[in-house]
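Reading through the structure tokens given below for one structure.
Here the chain labels run A, B and C in written order, and each chain numbers its own residues starting at 1.
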Amino acid sequence: MSEVLYYFLGFTAIYILMGWALYLPYRVGQLHFLIVACMAVTAYFGGFAAREWGWPFILLLLVGISIGAIIAFVFSQAIGKAPCFTVVIVGLTSVFIVKTVIENWELLGGTIGFFHIPTVKYLLPIIYILLLIVGFLIYKIDHSRLGRAASVVFVDREVAVSLGIDIKKLGMFFQIIACAIAGMAGILDAFFVNSVSPEFFTFSMISYLMCILFVGGYTTMWGVILSAFILQGIPLLFPSEVASWRQVIYGALLVIIILIRPEGLISRKMLWGLKPKFSFNNK
Amino acid sequence: MKKKNNILKIEHLSVTYGPIKAVKKVNLEVSQGEYVSLIGANGAGKTSLLKAILGIEKAEEGNILFLGEDISRKATDKIVSLGLCLIPEGHIIFSSMTVLENLQLGAYHNPSGFEENLQRVFTYFPILKKRSSQIAGTLSGGEQQMLSMGRALMSKPKLILVDEPSLGLAPKTVTEIFDILGELNREGYSILLAEQNAKKALESSHRCYVMKTGEVAITGFSSELIDDPQIRQAYLGGS
Amino acid sequence: MEIFIAQLISGIALGSIYVLLVTGFNLMLLVAKIIQFAYPQIVVISMYTCWGVLQLTDNKFLVILAGITVSIILSILSEPIFRKITSTQGVDINASFIASMGMAMIIMDVMSHSINYGFPVAFPPEWIGGNLLSFGLITVSKGQLYALMGGIIAVLIFFYLLYRTNQGRFFRAIAENRYAACLVGIPIIKTSIFSYFIVGVLGGITAILFSMLIGSASPWLGEFVALKMLAVSIVAGLGNLKGGLFCGLILGILEAMAMGYISGSWSNAIAFVVMLVIVLIKPQGLFGSRI
């Protein structure tokens, strides 16, 4: 497999995971950037533990998931049902604080980054198997009582409360799952790239994830998959002079999509539109 | 017959909210200096009709002529500047501002006559003068209703639309407010009043429209309708 | 003690910059019903404009004029986009945040690609002014003092306009109760367009004062400032103008003090830790949200 394709597939999968991690809390109307902080923490922890202490990949995967979940659990006590922009600012400041800590920590390589993380065999297939498992899990959540409750909360919190939905518990649930996924993505990222750098976990990462979620469509889990492939593909498809302006392209895409298709490329309405057709064909 | 001095003439007005038809092809007129009331059960479409006149809800079809000019496609601020105003249902005020600031905002389209209008409003509602530097949100419900009326009067309107001024107020305050409406009318203001309290509305107004599920069911002089057995049965509690 | 005084001066100057930013942001939020996350980027691009014009001329009046003009133009240009977004049925305030994030990405990338090869720009000494006071390593420059005075005056004037004039009252009326504002006949759309203009002016002034205070600008400055602006407005309570005034000033002083007593890169994180803790304890902000 060519190197370009290998990295394209690997990164796309990792970004799909992160896109889903952003998608889940947005089911209840929260933009949870804490996932980026979780990813940074586990990427560094995983890289360090693998290189210095020789911890195995599988163990680190489980540890990464737990770290993400624990961080989210602690934070969600306070912001389980907080308004969207409070959650936004909690995420943004955490990312910044984590970044500052990393940059000032000699042991972790400071601003230069942390290198020589051991390689894992068959990592790409493993990543895609994990992607399938996570995807299945999210599909199950979406089509459960919780998913339907989340849709009510998204549209109207007061109605949700009057229906007896515990908004805080629901928010906590989605935040914890999201950060667990992000924790896993962090470990995968560290082993996939064999290095981690604080440059990776910045505003541009956050805006990239926003692009993935909102260009693809935030009402279903499928939009993230579509847009992750498209957006990862843009720098590969275009000549490098164009590709170097990709932030502009992503930004413009974000503005355009909000203007002409606020629900993103794939929306739930669209999927509903498909459904009756299928059942019609079956008859 | 009295074609000439119509201040407001509504023709075939319909208002819809998605699938809900709130107002269906209503015709209605208010003459210069007239006091017209609009009664009907909950959800009859009174508020929707008033909002459509002021351009807050879009008129689906039909015309609204105000002083001979079609205002059905105009923006609310333009309509207000022509001399129409709405005293809304449920005392809508700027609650974190002072009473005086609320009244100043009412004079948006009539800043030149501010002092004179203010004195007039204070003679109608002496309580507002006493409370003029108080934060409006801390007024009592009745006082808030008066503030809402006073604010509307600050624009020196030619036609006042009033939506359920009696909502949630004690009988004594309701009487007070209806007295003021009557007084305003005697001073020459034209009034269109939407009201649940059919008895009060019929007693005070000249003419009345009865709305039923978005349509005008009955119309006539208030003094005649008040004795109509059908109306008594449906809106005045039988007796 | 000298350090304390010097840091207090730069802290208040920095704080008044934050106050201007947060106030502009809150005004957009209250009157135009949008989250203008790209506002700090507009400020930074006006700083770049000032720097560019300074390369050509040293006429300070022209520099100021250019900075303010660019800010106004960008602010007004964003208006049709935001109006389209807010007028679309069933779309909430988050949509404006997402779109403005896109705008911020565009502006940032343009700056890092095309201006000064993406390197930070430094303002010439004539613009910043020489040192006024110096206590050992700590100095207070003339620019800092200008920023301090300019910042305080701008904040005072702006709050005067907002609370004591008719136009300010119209803004507050729309912010407080759109329906009532509509009923008294305030033209909502026209007033909202005017608020973009005012925020543009405010952004230009902020840019000029900010450039005098820190003497440089970089493509990634905007993201940093955006984060602080959003954080202050959440800590104070979204849309709470007076709360923003208080919290902006406190943040500026806190940051300057941290810079005076704690080593470089950690000092920035201190302010964020404090804000994070406050937000976690009081998710609605210290003074309550107004939207």
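One rule holds in what follows: contacts are C-beta pairs under 8 Å (C-beta built on N, C-alpha and C of every residue); 3 or more make two chains touch, one makes a residue touch a chain.
Every value quoted in this text rests on a predicted model; they were computed, and no experiment measured them.
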Overall pattern in which the protein chains touch one another (line/ring/star/complete/other): line
Furthest chain, CA centroid comparison against subunit B: A
Euclidean distance of C-alpha centroids - subunit B vs subunit C, Å: 44
Centre distance in Å when subunit A and subunit B are each reduced to the mean of their C-alpha atoms: 54
Geometric centre distance via CA averages, subunit C-subunit A, whole Å: 30
Residue list for subunit B, restricted to those that touch at least two other chains: none
Partner subunit B, residues of subunit C touching it in the complex: 166, 169-170, 172-173, 176-177, 179-188, 190
Residue ranges of subunit A in contact with subunit C within the complex: 29, 31, 75, 78-79, 82-86, 88-90, 92-94, 96-97, 100-101, 103-104, 202-204, 207, 210-211, 214, 244-245, 247-248, 250-255, 258-259, 262
Subunit A-facing residues of subunit C, complex: 35, 81, 84-85, 88, 91, 94-95, 97-99, 101-106, 108-110, 113, 220, 223, 227, 230-231, 234, 238, 265-266, 268-269, 272-273, 275-276, 279-281, 283-285, 289
Contact set on subunit B toward subunit C in their complex: 54, 56, 75-77, 79-81, 85-86, 88, 92-97, 101, 104-106, 108-109, 111, 151-152, 155
